[in-house]
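These notes open a run of structures that come right after.
Next, two complexes with subunit A in common: one pairs it with subunit B, the other with subunit C.
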Partner chain A sequence: MEIVGAWIAVGLTLFMFSFLYKDNPFYKVGENLYVGITIGYFVIQLWYKTWIDKVWDVLTGQAHDRFVILIPVLIGALLLTRFVPKIAWMSRWAFAFVIGYGAGLAIPATLTTSVVIQAQATAKPLVTMPDRSPGAAKATENAKAAYDKAKEGAAKEDEKIRAARYRYEQSRSVSEYTFLTAYRDFTTIVIFVGVFCVLFYFFFSIEHRGPVRAFSRVGILFLMIYFGASYGNTVMGRLSLLYGRVLDLKDYSRQMYGFATPVILVLMIAVLAALHVKNKGKDEGHAA
Partner chain B sequence: MLHLKRTVPLAIAFFFVVALILQYFVPHPLSEKFLGMTQKWAIIVVYVSLLLGVGSLFQSHLRKIRVQTPGWGYSLVTLSVFGLTVLAGFHSRGNSPGGPLQWTYEFAYSPMSATMFSLLGFFIASAAFRAFRARSVEATLLLATAVVIMLAQVPLGAAIPGVGSLSAWILGVPLTAAKRALMFGVALGSIATALRIIFGIERSYLGGTE
Partner chain C sequence: MIRAVAIVLLTAAAASAQGLEGFEVFDRPGDAGGTVIAAWKGVPGGDAGVEYVVSVAPAAGGEWAEVARFASTLHRKVEAPAVFGYAESNERENYCPVDGLLPAKGAPGLAKGHSLETRVRVEAFRGGVRVALSEGSASARPNWWAPQKANVLVFALLFGAGTFWLIARARRNPDVFVRRIPGLDAMEEAIGRATEMGRPIVYLNGLNGMDSISTIASVSILGQVSRRVASYDSQVLVPCYDPVVLSVSQEVLREGYTAAGRPDKFREHDAWFITQEQFSYVAAVDGLMLRERPAACFYMGYYYAESLLLAETGGSTGAIQIAGTDSVTQLPFFIATCDYTLIGEELYAASAYLSREPLQLGSLRSQDFGKIVIVAVLVLGGLVAMTGAVWFKHLFTVAS
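Let's look at the complex of A and B:
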């Protein structure tokens, strides 16, 4: 079965890749197979994980309120009235439930995660004042002692020294204004300026001209960095998928899989060439 | 009739929005139970909505097959494969290990899915080759950021001193700033839309003008 699977996997992969040449029957078959398999797969997943687990098992159980589960089934069934134009308006009740549920969850969740927490993380003091308390000084002293001990220790393990140094630097950056503190402040300022300028770029109540234009220009620069990074991440994500496919094609080109890759590739090229010749003949016939 | 068509859906939406907001701010066992129940309901409704999608797919492809529009054979492929996958699923009773559905997933769905998305890599790269010209400061910044981020993710680029740290800094600082501002915008937009639903101003989900 694995050999059959290898041939199917190679065939479907090459069908999809054939789109790089041009839209062709192989790609169209692959595309339609993909749609059919995907929908079939998710229908089965939902049938067992939703219908059986969440509805059928509850209905056939012993709970006294088990029939309550029929309410969402009924609400869902209302969606199917879309197929009957006369009573299609009943589907609005189901849509209203879905929209109401989504909006009801969205308000508190987005308010907390996307507004309050993000605002808290942005609205921080731009300059850190060193903590001159005896506690902070003591913590730094202890961290320095631990670092010195790690350096002088008999084992002299690099990892331990690095960890002790890291703890010392962190502790010192709290009790004194060090390079690390300055770096943190710089980061806070960059983030604050970035958030403010990007928000200003989307603020259309005043015209962006004169001195205020500078803010929106800086906002654009931050957005460009965001788009560039998103682009880079997307391309690399796609390329890692491509590596996977190429490696599979290489694996399946071995003898133990009956040279699936080269055989299917040659057959596809032959069929595409034949189709090209046939279509060219047709085009010339039409032109004549 | 107008009440059933317009007022009832608006009331349903209003009830669930307000109830779920109140539930968040009143963490009582009863409200927790209400949230759990509503979440279960939503999953079931979404499942049934999938049937709406499947029904729509069938309607569209069956029409093509009946009328025999150009390329109707492809519709036949879609519907046949859909039927075979569903049969394989029932035979496997879900996705039991070693069953035909898992086999279909491993040798058909997974390779096609990965290939489909990897194809996008080619098109993004070719579009970038045509569109990315360092003509202005903004375009140069976009290009430079993309190059640094991509370089940092390959062994050759990671070997260049500073590329890894620069990439980490870009992802941690300016990217965070821009993303945070965009999140504010999206969040405020979502909240505004939710408020429009509560007050019955947003009615596009009802579909018609009636």
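Let's look at the complex of A and C:
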């Protein structure tokens, strides 16, 4: 059974990869099988997970409010009125419900995560004022003492010294204007300029001329830097998926799987070559 | 003898244990129910080295059950600004959330989020000796009003009111300026090219449903594209991922052909459903592209990991490709593989620009005003933060 599974896995993987050559019968088989299986799977899922679990079991249960479920069922059923042109307008009620609740859910969530929280996180002091309070000075003193103690420790554990130094530098950057404070301010300013200019790029009510054009140019620069980084990051992720698939193909090349990968690969190449020769002959015949 | 004395002393200490300062038990405000909160200001004599033990019991009577035990440095009120706000004293005061007790099995049930009247007892121990004890009771219930999200409500109302006002203005005067987006010129060019080459256009609405703003914008652009296609007597193919989007797309195509005066040319099967599984949908669309070799491909709406697979295949067929999405993670792939890409809000702007619908124009103008407000908040927030004040930051905090 394991060998059958391996042959199916290798066969379908190679059928889908054959797309890299060009559209061919193997790809068509893979494509139609894939679409057919997923539709079948979703129909079964809908039947058992939606209709049986969420409707039938509720209606045949004992809950006193079980008939409330008929309201969403009715709304869903309105979508089917599209098949009857005379009453197809009723399906709009269902669409209105779907769009209405979607917007109702999305607006507060989007406003919170994409506007309010982002604005709060970006509105930082562009230049940090050192905290001259006795509390901050005391905290720095304590952190310095802890750092000195860690340095003098008999074990001289690097990790502990590094941690103590980190705490001391952090504490000092609050009570004094240090390199770390300057670095933080620089980061804040870069983020501020980026957000500011990107927002200008997305102004549609004004023509991009003069200073607005300059701001929007800087904005698109920030966007492209982000897109480039994101592209590289995702490509690396995709390559790891490809490695996984190639490793599977390598595993299935072994004798215990009946040399599934090389055998199917050779057969596919032979068939594709034969088809190529046959089609070439046909094309030449048409040309003649 | 010594042991007996110790027991007597400890018992006396326990018996004389004072109450916790400012102790109170109440239903957690602004939640979906199920939780009560015990809060207190401290222990007489300071809370250094104090350990708290929290127990619960049904108010109707029953055994105490310990639910939490923690040092006084933990569970500070400052961790729950949604309940206690931003007072400075919150850094020194404690609280403990407790699950409200539910009826026993077989007893009459309660509505969702409600609990029985729950007694909460907090004991403070110092060096193993109980130094304070307080009790209170409350029942949990769900709340309609979440005060910690009031700022979001205010912003939503202001933004909503502004949007309605701008839509009303756009209705009175539809001649609202929207700057030209380069990708839109390319659309016209792509449709013209498809007509000249006698090849179809493939138009995808993305993978989200009709409740997604990008899908709504995409369908709106499809309406404009279908008008052009109808007037040029070309063909647009719309393979759909979502059945509801399919129905809307068919309606939009029908309207587009009718508006162009060519209702007879409308073919309902030009928009069809494939499947709702991401990669089998891609496999089918890729196969379609290779077989039909479209002159232009439009990818509008929201996309996931399939974006590069689609756009790479479209590119390999030599089609002009125009994408428009607000899916930030997929934009890089469209930018790398398509001739023109509408980035984020440009998709909505394109929809408004092409349709000239007051609703969309007003919304677009409202978004621009929203951006002006955000820019002002950033500048003002940065300046206020430099003074060390935190009240401005709290205005934009959605406390948890």
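Here, the second predicted complex is superposed on the first by the 269 of 288 C-alpha atoms of A that agree within 3 Å, B and C clash if a C-alpha of one lies under 4 Å from a C-alpha of the other, contacts with A are read in each partner's own complex, and residues count from 1 in each chain.
Note that in this section a contact is a pair of C-beta atoms (placed from the backbone, for glycine too) under 8 Å apart; a residue touches a chain by one contact, two chains touch by 3 or more.
Everything numeric in this text was worked out from a predicted model, so none of it was measured.
Q: Figure out whether A:V115 sits in contact with subunit B (first) or subunit C (second), or with both, or with neither.
A: Both partners.
Q: Would you check which partner chain A:L79 touches, where first means subunit B only, second means subunit C only, and both and neither mean what they say?
A: both
Q: Let me test your reading of the model: by the given contact rule, A:A214 touches which partner, first (subunit B), second (subunit C), both or neither?
A: Once the two structures are laid over each other on A, A:A214 reaches no partner at all.
Q: In the superposed arrangement, does A:V29 touch subunit B (first), subunit C (second), both or neither?
A: In the superposition, A:V29 touches subunit B alone.
Q: Just checking: does A:L267 make contact with subunit B only, subunit C only, both, or neither of them? Give me first, second, both or neither.
A: A:L267 sits against neither subunit B nor subunit C.
Q: So, does A:L247 touch the first partner subunit B, the second partner subunit C, both, or neither?
A: Neither partner.
Q: If we overlay the two complexes on their shared chain A, which of subunit B and subunit C does A:M256 touch? Say first, second, both or neither.
A: neither
Q: Should A:M129 be classified as contacting the first partner (subunit B), the second (subunit C), both, or neither?
A: It touches subunit C, and subunit B stays clear.
Q: What is the contact status of A:I99 with respect to subunit B (first) and subunit C (second): first, second, both, or neither?
A: Both: A:I99 reaches subunit B and subunit C.
Q: Residues of subunit A touched by subunit B versus by subunit C: which partner has the larger set?
A: B
Q: Please report the subunit A residues shared by its interface with subunit B and its interface with subunit C.
A: 16, 19, 28, 30-31, 34-35, 37-39, 41-42, 79, 82, 91, 95, 98-99, 101, 103, 106-108, 111, 115, 119, 122, 192, 195-196, 199, 202, 223-224, 227-228, 231, 234, 238
Q: Along subunit A, where are the residues that touch subunit C in the complex?
A: Touch list, subunit A to subunit C: 16, 19, 22-23, 27-28, 30-31, 34-35, 37-39, 41-42, 79, 82, 91, 95, 98-99, 101-103, 106-108, 111-112, 115-117, 119-120, 122-129, 188, 192, 195-196, 199, 202-208, 223-224, 227-228, 230-231, 234, 238.
Q: Residue numbers of subunit C touching subunit A in their complex, please.
A: 149, 151-153, 155-156, 159, 176-179, 209-213, 216, 244, 247-248, 274-277, 279-281, 283-284, 286-287, 290-291, 308, 328-329, 331-333, 335-336, 343-346, 349, 364-365, 367-368, 370-371, 374-375, 377-378, 380-382, 384-386, 388, 392-393, 396-398
Q: Which subunit B residues qualify as touching subunit A in the complex?
A: Contact set of subunit B toward subunit A: 4-5, 8-10, 12-21, 23-25, 37-38, 40-55, 57, 59, 71, 74-75, 77-86, 88-90, 93-95, 101, 103-109, 111-122, 124-125, 128, 137-139, 141-150, 153-154, 170-188, 190-191, 193-195, 197-198, 205-208, 210.
Q: Could you list, by residue number, the parts of subunit A that touch subunit B in their complex?
A: Contacts found on subunit A: 1, 4-6, 8-9, 12-13, 16-17, 19-20, 28-51, 54-55, 68-69, 71-73, 75-77, 79-80, 82-83, 89, 91-101, 103-111, 114-115, 118-119, 121-122, 187, 190-199, 202, 219-229, 231-236, 238-239, 241-242, 244-245, 248.
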